[in-house]
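In the two complexes that follow, chain A is the common piece, with chain B as its partner first and chain C second.
So, the complex of A and B:
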């Protein structure tokens, strides 16, 4: 499926769902238990303090900003365990969120085509600084843990 | 060639980068090909490029004809010269015969024999010699060897004339001496010896001169023959050279011309293979020409092939009347006097909508633009160049632009209307709306994963509906419309079975857009605040209710007289003012939409066409306030409410049977209850009275309802406010 480019397009629910479904699919592949997607909301500064590790992609083009997945370290360790991975070093945790970012990037490229220019996936401790005014948080529950997918984009020139 | 050169120049300038350029180029190429074809068929008129070859062939024939004429002339000359030479030779013989005859006469005279035979021969010989001599001098007819007269040309050369002059000098005395003998005078016998003596003396001389004449004529003839051969050889050589020129020059020219035609055809093929438009020529029989662009079948379908009737190809896609009009239009364009530029507007196919199935068998709407251009050859229309373009994307973009333009205009008008609202009320609304939206966002954020989503949706719906009511009360169409859009999203979600978390992602997008607009309007409104006149809450509420009542009545085809008495509103605290106003808005909406009948229905019921709605806030002596909203409409119908509840599937017949009318009527405050089947911005979502119930609870008020079918409905809300 490829989104049709349109000069007057704004961010649509389907656009957000591309990222949501990318992550849900990732969890479905690596774990026996699916991640539960909870209602999305407009994010605030409080959300930025939640995640210990973040995998992100930066986007430019018709929209610009960033999309990232932030998760607590306990959730990531549990995920590694469920994959039979015994190494839980920080690098391994960053690799894991990097994998998620890579999934986000691949799906976004397929869906948005040339509407978005998507950077290579990046990882970091904590959450990145805000880049724009419009940020949407989509909480994901997996087992007892809560992770956040943040889509933070502004229209170019907005 | 010139045309092709200019074509190449066109390509060099990048004319082909535009679609129209490609079409013009194709037309140009076609005209070149037509020109070549036509030139061949009109060769007899010797057009410019063939003039040279015709001249060269004519020259070749001229040279050949010249040589032929020369041959005739030469043979004539040779024949003439042969006569002269023969006669000159005969003169030699005649000079000797004259002498012989004279001597024979003298011998016969001495022997006493008759001399008649010799005399006759002498006469003949002298006459022939003299006639021939004059012929050589002046030309004329002379008796030939066989006795028939032959033309003798006078000797013209000076050397010949000199020989003749010398011979004349010998001949004249000789002839004078012979005359008495030839005439047979009486004394001829006495004259004979003198003639014989002159003959003997000059015989050899005359013979020599005649011999010289013969030799001279032979040399002259030989020289003339040599000269003629030379001229003949030159003529043949020129003819051969000319032939060689024709072969070399014109074969090269033909080869070059063929290469140009080939290159032009190659370019045409490349254009036809590359161009995105469907291009082809339409003949007077309205059939597609032999060359079509590769994209044509893709645009018009596989039937669009060379030789097929173009309008039959369109048959399944274009309505019959439009197709006939298009056929007539094309036929009209074939008229030589018809100006294409004046006909463009009449083209019924300039933009047509058609449905085609794609590879997956799904129907897809396309917009095609078909244009016809006359192709003239020699001033006559030989073909129509047809250009078929798929302009779907262009049309969609134009429509999107028009829609965006209309939306922008509508929003600008709405924004201007917003800015004319009382600034304090507007700012109050903006604050309150923002708080509502942020509250909704907090609800979303704090939503417990164990809770059902329909409860969440209903909660949001109530808040948005209230927001819509507030916007409507203030006449803020811009926000009312936005809230209505939000409601539509929530309705769609509410009706969706098995809601999941990611189905709700549209909600924060709506929140974000709403908050954005609130911020924008607030920014503008704040700048205008200082210049506004402030009104009391009661005055403002009165105005807003009047506006809202008028708008809802107009939207639903009702005629309503609204009476508002809200003076006591000023006595309430701002929070209670807001809550009372919100309740009144919902009840007003309910009264106009559900209560008041249409003017026709009212007339049939013997009621005034115009309905009445009365909103009144009354302060009782015991400190209680009472908000009454009364309409003289159809009243509440327990039967209809029962029917709606049964249809909703929420209650069984047994449950409904247990309730009395009062209990049934109170069910109208349940979320999702509505007696109308289609929702609009004022009713049909089953949330208005649910909001009223929530607000009444917030006020700690008591509700009572009085109603009588076809007469009236009155909602009465009694409450107290803290001292």
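So, the complex of A and C:
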């Protein structure tokens, strides 16, 4: 396909740093223990099988795509405890995974501006659905848990 | 008013800041209510709302002095909700608590009548400080 005919372009590696910083900031603010966040890479098949719960934010405006946060239930329970929440029902785990996805996506507007429009969270049991070829994974480790932020966002007219 | 425990509690309630918490996340609603109710602040939770429409209904019913308000919510978003709350109760104080970290959004919320902005994710201390400032 002719690149000029395509109205959207994938985010650049530098663009993804804002999500790496947002993850580090989130865990620094929420808990006494920082998360270890690794650099972004293009997703592979294994990334689409990780996580007990997933929060999805749809991106629109000058951008198009979605951001997923996928985490194991034990990590979400631990995060709830660190916020003083004693209710650990499945609804609460889904609520939290959506809120984390929302917070990380919202924080990205510091870099992308208000034309990076985010939806309310959608949540689901299990890992993210199949992603496209431009999806980047940002892995993180907090305490002993591994989770993943997947950024599949294109910039309009770039 | 008599000096019964009930009467004393009622008198204390009259001096407390009436706080409503608005957020579509139950985790955030409960966390803010817990922090605000821990004794460090002179607040009394009068309502928990999941979206802007519910916030407007509860505001008319319970007349809060102070509201913490998320922006990204279903039904009615936070920016429209600021308009509605200020129209309903012009002296209401609104603390926007949102992950939307761009300047344009923060300035728009302030322009519509919000009195403060706290970015998510926040620490307990940051929330207490922000609520204290708007409670005075």
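Just so it is clear, the second predicted complex is superposed on the first by the 131 of 158 C-alpha atoms of A that agree within 3 Å, B and C clash if a C-alpha of one lies under 4 Å from a C-alpha of the other, contacts with A are read in each partner's own complex, and residues count from 1 in each chain.
Just so we're on the same page, a residue touches a chain if its C-beta (ideal position, glycine included) is under 8 Å from a C-beta of that chain, and two chains touch if they have at least 3 such contacts.
Computed from a prediction, not measured in an experiment: that's the story for all the values here.
Undergrad: Quick check on the chain A-based superposition: chain B and chain C, clash or fit?
TA: With chain A as the common anchor, chain B and chain C both fit in the superposed model.
Undergrad: Given the touch rule stated above, what does A:107 touch, chain B (first), chain C (second), both, or neither?
TA: A:107: touches chain C, not chain B.
Undergrad: In the superposed arrangement, which partner chain does A:87 touch: chain B (first), chain C (second), both, or neither?
TA: second
Undergrad: Quick one: chain B or chain C, who's touching more of chain A?
TA: Of chain B and chain C, the partner in contact with more residues of chain A is C.
Undergrad: Is A:38 touching the first partner chain B, the second partner chain C, both, or neither of them?
TA: first
Undergrad: Check the residue A:149 against both partner chains and state whether it touches chain B (first), chain C (second), both, or neither.
TA: In the superposition, A:149 contacts neither chain B nor chain C.
Undergrad: If you stack the two complexes on chain A, which partner ends up touching A:71: first (chain B), second (chain C), both, or neither?
TA: A:71 contacts neither chain B nor chain C.
Undergrad: Touching A:16 in the superposition: chain B (first), chain C (second), both, neither?
TA: first
Undergrad: Rounded to whole Å, what minimum CA distance do you find between chain B and chain C in the overlaid structures?
TA: Minimum over all C-alpha pairs: 17 Å.
Undergrad: For chain C, which residues count as touching chain A in their complex?
TA: Of all residues in chain C, those touching chain A are 24-28, 30-31, 34, 72-74, 98-102, 104-105, 119-123.
Undergrad: Under the definition above, what is the set of chain B residues touching chain A in their complex?
TA: Answer in residue numbers: 397, 400, 404, 441, 444-445, 447, 449, 453, 456, 500-502, 504-509, 511-512, 515.
Undergrad: Report the residues of chain A in contact with chain C in the complex, numbered from low to high.
TA: 25-26, 29-30, 80, 83-85, 87, 91-92, 95-96, 98-99, 102-110, 112-114, 116, 118-120
Undergrad: In the complex, go through chain A and note every residue touching chain B.
TA: Per the stated touch rule, the residues are 6-8, 11-13, 16-17, 20-21, 24, 36-42, 134, 136-138, 141.
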